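Working notes for the structure below.
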Amino acid sequence: MSLHFAALLRRHGLLVAFALFLALVAVQAEAFLTPSNVLDVLRQVSIIGMMALGVTFVVVAGRLDLSVGSMLTLLTVIVVDRTNAFGPGLAILVTLLAGLAAGAWNGLLVGVFRLNALIVTLAMLSFLQGLTLAYSGGSNVNVADGTTWFAAFGRGSLWGIPAPVVIFALSAAVLAFVLKRTRFGRAIFAVGGNETAATYSGIDARLVVFAAYCLSGLTTAIAAIIMGSRVMGAQNTIGQGYELTVLAGVILGGTSLLGGSGSIGRTVLGVAMLGFIQNGLLLMGYPYYVQWLVTWGIIILAVWIDLGAKRGRILA
Amino acid sequence: QDAAPEWLGGALKKPLSETRIGITVLYPGSNAYQAKYAETAEAYTAELGLDATVMDPQGDPATQFNQIQDMSSQNMDAIVVWPTSQNALIPAIGGASRAGIPVITSNSPIGEGGRRYVAAHTGPDDCIQAEQSAEMLGEALGGSGEIVVVEGTPGYTVSILRKNCFLDRLADAYPDVTILESQPADWNRERAQTVMETFLTKYGDEIDGVYAFDDGMGLGVVSALKGAGKQPGDVKVVTCNQFGEGWDQMREGWMTGTNKQSPVDDAILAIQTAVKVANGIEVPETQKIDTPKVTPDNVDAFERPSW
Amino acid sequence: MTTPILTVAGITKTFPGVRALSDVSFDVRPGEVHALVGENGAGKSTLMKVLAGLHQPDAGRIVHHGREVAIASPLDARTRGILLIHQELSLSPELSVAENIYLGAWPTNRFGILRKRAMREAAAAALEALGCDFGPDVRVGTLSIARQQMVEIARAQAFNANLVIFDEPTASLTEAERAQLFATVAQLRSQGVGIVYISHKMDEIFSITDRITVLRDGTVQGTVETAATDVDSITRMMIGRDLSSYFHRARADFGEETLGIEGLHVPGLVHGVDLSVRAGEVLGLYGLVGAGRSELVEAIFGIRRASAGRMRWRGREIPLPTPRQAVDLGLALVPESRKEQGLVLGLGGRDNITLPHLARFSTLGVMRPGAETRVFDRFRDELSIKTTGPDQPVGLLSGGNQQKFVLAKWLCAEPRLVILDEPTRGIDVGSKSAIHELIAGLAEQGLAVIVISSEMPEVLGVSHRILTMADRRITGSFTGDEMTEETLIGAVSAGPAALPSAAE
Amino acid sequence: MSVAETPRRAVAAGDWIMRNHIWVFLALTVAVFSFASPYFLTVNNLGNLLTQGAFIGILAVGMTLVILNGEIDLSVGATLALSCALAIGLQTSIGTWPAVIAALLAGAGLGLLNGLVVALSGMHSFVVTLGALIGIRGLVFVYTGENALMVEDFAYTEIAEVYLGPLSLTALVFFGLAAAFQWLLTNTRHGRETYAVGDNVAAAHDAGINVKRHKIVNFTICGTMAAVAGILLSMRLGTAEPNAGRIWELWTIIAVVLGGTRLSGGYGSLWMTVGGVLTLAVLRNGLRLLNTPNYVELMVMGGVLLLALALDRALLTREGAR
């Protein structure tokens, strides 16, 4: 009982620290907590956030996905290029399928053939970079027709809320439900927590991991659609380094890299924290390198605090 | 193909098909200009019938260093380098030059210390471009105002030149233009948009002008301006190096100034110079390609860039 | 009376939320084997970890060789001659035998460079003294469990230990290996070493120990001379009541065949096994560790892919199932290792119970938490599981309670056939008898049951029929009066590589 | 015991190949490229190749120790950049060699910091060094003010221009360090305990091995190696680029894993790592010589990585036990 209470307190400690940070920045930069800035930040993190949703499933299943950054690049190039070729509807379909296919490939190698996730997805990172260059011939692509409804995903809004935020929030809600309340979600936790035991319970761990990667490919495809629409174009470097930011967001939320624990809510919190930290530091006018230093400190501090809260949860 | 092309101005020492030229281009994967440059280099060398290689060091000086070394050990007839770094490549270029292989730097020059190893330099001048941008922005603002700057990936030569030359020129010519803030967006259009959105939140209507290091980021800036409900011309956006989409935006009034730089001309000049040097034909130490200013007034006089 | 090697007095140790030891006192004399017994979670391992320097006590004194000491670390314990041989082996599989023997205390010269030759020779001597059949250079990962245990014991030899603690050493040993271990224990004892021996197996306790100390809920119930007591009184001290009858055999009331297997073959692991079990029947599967029993049932359950074999399920010929299909058919496999195969330690009891039956507790893929909680509550009450709630991670529970969750997980979906692989390994006598009762109950409800056990009395006590396995084949089938210790031993040790029968 | 050893000798060769499959792979790639490009097997090219590979190689030496320990270090690229910058930037104020030493100390210090945070907090090193990867890069920019720093005296770049036959100083340092640390791994207590910790932490801890100390020491070594690579890079380039070493940490990890060292720790060697590093260098150099377009190179690298992983897995399953 007391153990739970203490853990709860310390977990709130993380939130309190975050709230303190928000307050601190708000004092320094009055624009920080205005609704328009908050919406801005949410819109900015919605791409990273969208990807982090799928990656959370992968991480809870005890694996890693470092290929999402270059996957985002490729899929953004595809969605923009295909919009020009087929129009938005078909382009979006193609992109979703391509994302699914890329995720399925990762899932096949990691889930079914049980190869090391770090290396497989690193290889995929390199491979997709090459594929992007081969596909685009190295040049930027732009949406030719500026008036297409494709623009709605990145630039539109619904009841005053930016479309990316709406998409992200809806996806987060759906996926949070999937992870917490469905058979698939339960299987993800079981596989991440103890793959052997899951197998002995009749759960096909290979299929579950495969599905997690497919989901990660799918959320990355949605992120790419938002990205393509926000930018109305694509660049061959547009997703470069995003894999680490995504992972940082997931970890910051407190999802353990060892698998078997974590939640979508925490990932959303982690990603939002990253976004607000960056936005806050930018608003306070710190040079980018100071932002990096602060990010370093915050990642370590936040994970440390979180770990403290979880300690002793499971006997060693 | 063995007849000497007209532009050569001399005789071929050996057939073009036996002339081996290595080209290493900063980071073609990263933007349209470089991609077009690399593409042109491939196409043009093929057209000439040269035995040529185009390489991509992905912006990493150490990799480019290796590439130059590898090309030297293959005894290329000439090497064209679009350097990733002003100084880091000097030892490699020195090595090539000692091995008797002429090196042409293209687009950006290398540092003073290495100039003596370089047979020739061709290309636009990033510094002049940045100065032009400072002039166009200062002028558009009528000599005073407050601006923000959206930088490329910090630490690379182009970024450094486009920053320092801009700042120097602005301070000289328009001391009343003040810089509110400067943040990098890594040549990334989406990040440029994010950075600009934050600037708008922070400074609101205080911002009179924006300088973005390239047109791609400039487009991100314009997206942010549109998102904030600005009208064309409310905020003066000046960039370097116009892209096709930037040309459209300029005609719509969103862009205030930039300059034209042709990757096609850039690549062709470098290759021609390399072929000349390989055949022992005298070339000027530096050959510049023009980077005329482009403003809404004269934009229609330029063709829409295809990159 | 000789002075004790070690005396502990008033040791108390609490973990967050648990008082594992309170005011524990006992002593170990040179040349004695001192048994430590108690229910699961009584605190035996914790007490030994305190002696081995892995835990620091909250209160109490430890007197070693007449001097009061504080045992700061495992290395400290070892340099004092106190050595713990863990319940779970504690070796580095990639390192050599010699390196493992001296792990943490490798001899080095002044510059920190290993004196490999010296280490090797000393290790070889220690192995020789114990009569081991492997050398100091072998990689430990390639050795069998029993040999790995010998490596740990060789540590005691090499460090001239004066107190050696065995924590459930025989859990995964064959009879022959067990006999070898007892010989080693006798050898150490004759050297004047004090030995603490933890086990749940009463026959072992009574055959090799000199004194017995009983722990219950972290307190000492008493220390008695082994010769002056018997199993029943020790059991009473452990669980606080009489254990009426030790084994329960179900009424023999068989129905139709539930499962039939023919010619099941798993390359290298199971060779041509035929087997049949009827509703209401308890089929014992006896064999020595390594005979292939686990592999056989894993193949039936679809965890291992069989290369050949036919399966009949309730009168119908069916293809060999995948684990998923097996569960859906109504097969249940309670695996031998609950921590690795049985439970997801980070999940709560409720989620563990329903894990194999997610479809049953969901509608259109969405879980129904209410239904899950109801099942959880039912089994918590039925099996009297000690847990704070449906979400308490099962990793926090003691071994016995974990095992009950594994059982609950497999019983909640009313299976037709339950396979139990070593269901009582590491389980105290009280819980053991509860599990035997449960097995009998299942059969009487008309389920078919297969029980794997390496404990002869257990198989004999609960089964209607016994199959013996040796060398990955079925070697015999026994019913009624044929089921005796002699016939079973004969059947599992038949063949050219007959093992010396264990001293029982 | 000889009974147990005799059949072992018979399978020793097979066992050797299983444990050193990377060298077979390397021989294969060398053969392919020698056939495909006339420039590949020239002394000059091989010399270049070794020098080029040596930077990742030196990082990989440190990384191997950390991985054997069961940890990972994502910050080596950034540390390399910082040391590179310090080695050059400090020369004017404190002189060449003191600057080099300061750069080494900075690398060691950052490694120590990583090690301390990992050991004392119990966090996953992936997280800790992911943070450091971002933060240390920030330090580089703080120090360089985002400009590339250049040596005043180009004599500095000649320090590394020492050759032993085709072997440059950098390559020699790499091989020297690999050999030295291999010796350390097999012959010293720290080395063997590094394996013990990576193999089975619980066993190592229970045996009284100071797990934390070993992790701290190995992270410090890893940071120091990054500094060594950084210093050599500063000598090679004469310049400190603030972006030097970007994504090199990934190449380093790839080289180590390609060699066959197990990512979860406890198994591997520097001998394997050298094989992995050389294979990577040969592939990159060979593909360049063949004038493969960049995107093909990227795809081939991805493919080779998978191939090596699959090979490793295939051999592992054959080996059975683990």
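Points to keep in mind about this one:
Letters are used for the chains, namely A, B, C and D, taken in the order the chains are written, and counting of residues starts over at 1 for each.
Heads up, the rule we're going with is that contacts are C-beta pairs under 8 Å (C-beta built on N, C-alpha and C of every residue); 3 or more make two chains touch, one makes a residue touch a chain.
This structure is a prediction, so every number in the text was calculated from the model and none was measured.
In terms of the stated touch criterion, the partners common to chain B and chain D are A, listed by label. When chain pairs are compared by contacting C-beta pairs, A-D ranks highest. We define each chain's centre as the mean of its Cα atoms; on that basis chain A and chain B are separated by 34 Å.
Remark: chain A and chain C have CA centroids separated by 43 Å (rounded to whole angstrom). Rounded to a whole number, the gap between the C-alpha centres of chain B and chain C is 71 angstrom. Annotation for chain A: residues 129, 132-133, 287-288 touch two or more other chains. Annotation for chain C: no residues touch two or more other chains.
Under the contact definition stated at the top, the residues of chain D that touch 2 or more other chains are 141, 146, 202, 293-294. All chain pairs that touch, listed by label, are A-B, A-C, A-D, B-D, C-D.
The touching residues of chain B, when paired with chain D in their complex, are 28-29, 53-56, 58-62, 65-67, 69-70, 73-74, 85-91, 111, 113, 153-157, 159-160.
Contact residues on chain A toward chain C in their complex (touch as defined above): 1-3, 181-187, 189-190, 193-194, 196-204, 260-261, 312-315.
Across the complex, chain A is touched by residues 28-32, 34-36, 38-39, 154, 181, 183-184, 186-190, 193-195, 197-198, 201-202, 204, 216, 219-220, 223, 227, 243-245, 307 of chain B. On the chain C side of its complex with chain D, the touching residues are 52-54, 73-76, 78, 84, 86, 89-95, 99, 103-106, 108, 112-114, 116, 133-135, 137-138, 141-142.
Residues of chain C touching chain A in their complex: 16-17, 301, 303, 322-324, 326-328, 333, 335, 340-347, 351, 354-356, 358-359, 362, 365-367, 369, 388, 393, 395-396, 409.
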